[in-house]
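Below, chain A partners chain B and then partners chain C, in two separate complexes.
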Partner chain A sequence: MSALANAPFYVTTSGGYLLVLAIILPAVAVLAMLLVPPRHVARIAFAVMAAGLAVALVIVAELVGTGMALAYVVGGWQPPLGLALRADGLSAAMLAMTAVVICATGLFARFHQCLEPETQDGRAATTFWPLLMAIWSALNAIFVGEDLFTLYVALELLTFAAVPLVCLDGRAETIAAALRYLMFALLGSLLYLLGAALLYGVFGALDIHSLSRLDGGAPAVTVALGLMIAGLLAKAALFPLHLWLPPAHAGAPAAASAVLSALVIKAPVFLILRLVLDVAPSSAGPLAGQIFIGQILIGQILAVLGASSILFCSVMAFRQQRLKLMIAYSTVAQIGYLFIVFPLAAGTETLPAWGTIAWTGGALQLVSHALAKAAMFMAAGAVAEAFGHDRISDLGGFGRILPISALAFGLAGLSLMGLPPSGGFIAKCLLLTAAVTGGHPWLAATILAGGLLAGGYVFRIVDRALATPAVELVARRPIPRRLEAVALVLALAAVGVGFVPLQPFGFLQLGRPAVSAMVAP
Partner chain B sequence: MNALLDVVLVAGLLALALHVARARDDQGAIVGFIAFGFLLGLGWVRLASIDVALTEAAIGGGVTGLLLLRVEAHTRDSSAPDRTARPITIAAAAVLCIAVTAGLAFVILNLPSPPPTQAPAAAAALDATGLENPVTAVLLAYRALDTLLEKVVLILALVGVWSLAPDHLWGGAPELRPAVVPEPLSYLARVLPPFGVLIAVYMFWVGADAPGGTFQAGTILAAMWLLVMLAGLRAAPDTRRVTLRLLLIVGPAVFLAVGFLGFAMAGGFLAYPAGAAKPIILGIEAALTLSIAVTLGMLVSGPSKRAPTS
Partner chain C sequence: MSSISNPATLFGLCGAALVGIGLFTVIVHPGLLRRIVGFNILGAGIFLIFGAVARRGAGAGFEGDPVPQAMVITGIVVAFSATALAVAMLQRLFDLTGRATLEPPAPEGRPGSET
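Moving on, here comes the complex of A and B:
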């Protein structure tokens, strides 16, 4: 037993190098893009997108094939001194989802740029690509990083890539929105770093595995986790820290909005999940009672904030006059669902958190919202491009001119409302079941109310799309089919997620200790 | 004697912090902030963290201060209405700051003593790297991936700054030279750079075995370059110039290349072949120093203000 305990936890597995590639390939692209003439920048992006998508899919295949997590010890320096990367089932699902959305966004952005050949090699078009690649590298690092400081660097990379995306068009109001985003994001980084430093002060280690095995220093750990989670909440834009999000996500160019809303805010949510699940001391420790209450309390606070997010921001979404602002508010509302998972997925001695249906529901909500929201922002981008504005009241009958975009919007809307068949339906159905069986009537009511409100704001747009206006709506310019098709493909993917079975999903539990190992002392 | 020094240091830090928070004019606050950075550097020296002290003085005091001064000069002429925070905002900020400070003080005073640390492990593994400064070993061996990603962050920050240029000026040069160059500045810009370069080279070289290293050396080089540009002795380069771009990426590129060579030669990404670690690390550091200098210099210079030539 002691020999087993002393064996290093992180051992490089056969496919471990793929994790390095997932982080480094987009970073290589960033450097290369700075060197080549502007007209070649998009080509580098497409080469790396093809390679990165392949890497993500091979990681998933490797995980399914071996049934074990992939790991890589960087430079051969064993943690806690060195750094390790690790991908379990959830991480691999995130990597694959990210690769798909990034590649779709890349295609959409390229088709969009081709509409205006004269600015194709200009500032905004050329700057977009290294920012997109940096976001990809940062997200992958967040999904596979095993060290709190690596994760901090990845968060910074994410921030410094996401903020310029917001003000890429250079208008004064988007620069103001970007600045506000920057302030929130930097405050979040600062709090996260403070917490990480405190944890190092208590435990002398920063890798998640070491932290998960250590107990004690309860007040400092509580403060540290509180600071880190508060910081991450600011980045994830959970109510009431969501103020920066609507102007930033609505003002950004369509392709940028898609990435920001679908992927960027998921990174802090993922980290909060890891902190609560892996770093917050487990109930098996010597200070069990006290800390376990702390963990439950964190979960309940997060759930209250999540529920407020769902209700408040769904209403706000319904009241918006502009399409992109409506979608942005809907993002804050949908993020709320990810936080009501915490009390619902609270594990027991015999059933770990990742074996619960709420865990599967949360993960599915994460993935299906990413696909659906990217599709919605792209469809809105096509609408704005065609008519030169996105005022909802003046869009009557847009479905006749842009049928594919209207369809993509409607299908993506299914997922947000939680209607079958869609990933959102499965996710919300699982969460609702968990809430009802777990004795959380208020959360169950919130899920239902959120679905109704989402139905309200989605049907408002679908109604506009199908309306017959007094004055015929005329497109400012023709929109190529392929531009609209990207949104449709993503919306169909969100619907496709709805065909996974309604039960705890085995893939998401790969690389997690089995139940028996959990309860062993 | 040392205790007295510490008390004076802490009192000075508190007084400066209060001055920065209360100063009515922006320029006065910034000058206070720069002084605060240097004094904080001294504080780190007292805590025997020379590497942190050097970085704090160079980045916290020096480069950030210069950046703030340039922003202040830039916004002073604009006719934007003066916006002062409402008392309620100030009170809320004060309450939040006090709460965080009190919480941190409570927690830090209750940290385990002696604190658990990786320092012995970092020192014990030094032999494998051939280095003698454990800080450099942490940055370029044990946690090389973090350092590598940080350098990409730095470049991304520059991409972000450049993206703020108006479309027709994109790719052009930033403008640093003030309308009137004060005589002392011009004199300093002629006299200081040779010494600055010498100190930077020393910092880089000594970093392998003693406090110092790429970031400090790169910052000093950047400061010298900025001095020359501010005095108008040399104009800032066009941001699209290939030489500039090459210098920007050479550090991270060499770092990445070594990382990939590790797959072939040392059994893994960012692993160094036994015995050759130190020369390889010095090579990476040399390239990184150049890239950091150019990145910081261009970051402070800001987005393009002139149309690209040719």
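Moving on, here comes the complex of A and C:
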């Protein structure tokens, strides 16, 4: 209980209210949307998106300016009794990425809805906006929350907003997909809650900082962490718990797929990262040896699952006949890369986990995959809108009619394959270097094989785009340039991440305890 | 410290049993309504464990710890919302297809939509 003896760890910083704004703004928007007539709903969404983007950018600027994590202690009550919000470098990067993807998705959805003016104020179109805002609020809460129970509530809010997005069009298949998603997600959050209950039973605290300072109670902690991580894996759709993802993400409307694939499944991954990095090493006190073995074991299990995910789902993606299903399987494969980070980023006494190149690589993979996958789903949405279907074999030569979408798809594909210059290249290069230098030849081979397989399925589409069809493809309706441009901007952003190599390296470590503090007795 | 008649231990064991029953139902039964009930049993077990933790006063060293009770109340609200959402979607699925399971994975061309 040394945490209580010292000066409080959480002190509201000057920019701390920004974290509250990041959570509250979209939540207020949801409530406001319930009160206004349908035609004003999109207007509220755009006002809040502009404000939310500004808040996220100010948080990043504040973090860079002060070089310290932002924190806000709700109501002035110190944890473990009160709640705290805190944004370190990684959280701020996630907040900014989320804001960018949400704003792009909002624009895309609006342009998409404008294609059919008669349904523009219809139920599906109007319902989309409060769900998007609810997802944003829940994601921001997950990224800045410091209390495992707050995080549980935020995870559930995220699920409740994401599941209806899947079945927005109300067809029986999408409702079945949404129900399957809900079953996995509920099981996941209940396991997480059970783990939280066990942790509380052992430590009497649930805020991450207190947990990271406490030690003892090893078996219960191992069980609790195992339950929580297993629950989060079901939500993150890691192989073999990925079964719900492809039908859910492929059946959803294009804008919804983009948010679900790019952002929603990143939240549980982010939480696993926090648990393994901040809570698990925690207990490395008198029982250091025992705990470290447990942690290494968790890392290795996660890496094996991640590697299977990469290989199995890349092959599945290659075999799909429909474009959106292919992209959905590719999501599961790319999520796998985030899990092979754990053994690669195993920290030592002198070098904490977040100081390793594998960790930077993982964070970059998270961001660049979010941008690239959102771009890809939007491009696929434009294709499906233009031709009325997304059967890959019947799309020969779609690049002539939708050149911008084809370009966006190709650029996003660069990042998935890990070809330079792109964010994915930097990320996978760092991971590969870490695997080779750290003596993990199998993981290195998996990374390379995953890149080749990704090349296979991306080139299959690019080949279709550039093919000369026997029968000229005819677009069902003209697709406005601005709709395609949104996807292109996101794809360019994913490529652009590759031009800031090692710049985020320092930024991601902001707000992390210094090495010397870690090894202090 | 813990004889079996100690209320905290007893409640903890009951909670563990409920978690087991709920988990079994959720994993084994194909019927979605049963699974939803299973989730509720699983949730009830977890809340009971929270209650046992509170009774033991593990946390702040009080006689009875009020914090887990606050969490249980929040958890009940969340579980209620989850059940409502799941049941509403199941009702919709049943109206559209006449089945209440996910087992036949939506065969193509099934005459589904009446609306």
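Observations on the structure shown:
Operating definition for what follows: the second predicted complex is superposed on the first by the 509 of 521 C-alpha atoms of A that agree within 3 Å, B and C clash if a C-alpha of one lies under 4 Å from a C-alpha of the other, contacts with A are read in each partner's own complex, and residues count from 1 in each chain.
Methods note: a residue touches a chain if its C-beta (ideal position, glycine included) is under 8 Å from a C-beta of that chain, and two chains touch if they have at least 3 such contacts.
Everything numeric in this text was worked out from a predicted model, so none of it was measured.
In the superposition on chain A, A:167 makes contact with both chain B and chain C.
Contacts of A:201 after superposition on the shared chain: both chain B and chain C are touched. By the document's definition of touching, of the two partners only chain B reaches A:82; chain C does not.
Put simply, more of the residues of chain A are touched by B, taking chain B and chain C as the two choices.
Contacts of A:187 after superposition on the shared chain: chain C is touched, whereas chain B is not.
Within the superposed three-chain model, A:130 lies in touch with chain B and out of touch with chain C [touch as defined at top]. After overlaying the two complexes on the shared chain, residue contacts for A:375 are found with neither chain B nor chain C. Shared-chain residue A:176: touches chain C; no touch with chain B. Shared contact residues of chain A, touching chain B in one structure and chain C in the other: 80-81, 149, 153, 156, 160, 163-164, 167, 170, 175, 194, 198, 201-205.
Residue ranges on chain A touching chain B, taken from their complex, read 12, 17, 20, 23-24, 27-28, 30-31, 34-35, 72-77, 80-83, 119, 122-124, 127, 130-131, 134, 137, 141, 147, 149-150, 153-154, 156-157, 160-161, 163-164, 167-168, 170, 175, 194, 198, 201-205, 217, 219-220, 223-224.
Against chain C, in their complex, chain A makes its touches with residues 80-81, 149, 152-153, 156, 159-160, 163-164, 167, 170-173, 175-176, 178-180, 182-183, 186-187, 190, 193-194, 197-198, 200-205, 247. Chain contact summary for the complex, chain B toward chain A: residues 103-104, 106-108, 110-112, 115-118, 121-122, 125, 141-146, 148-150, 152-153, 155-157, 159-160, 162-167, 170-171, 242, 245-246, 248-249, 252-253, 256, 259, 262-263, 266-272. If you check the complex, the residues on chain C that touch chain A are 19, 22, 26, 32, 35, 39, 42-43, 46, 49-50, 52-53, 56, 58-61, 65, 67-68, 71, 74-75, 78, 81-82, 85-86, 89-90, 92-93, 96-97, 102, 105-106, 110, 112-113, 115.
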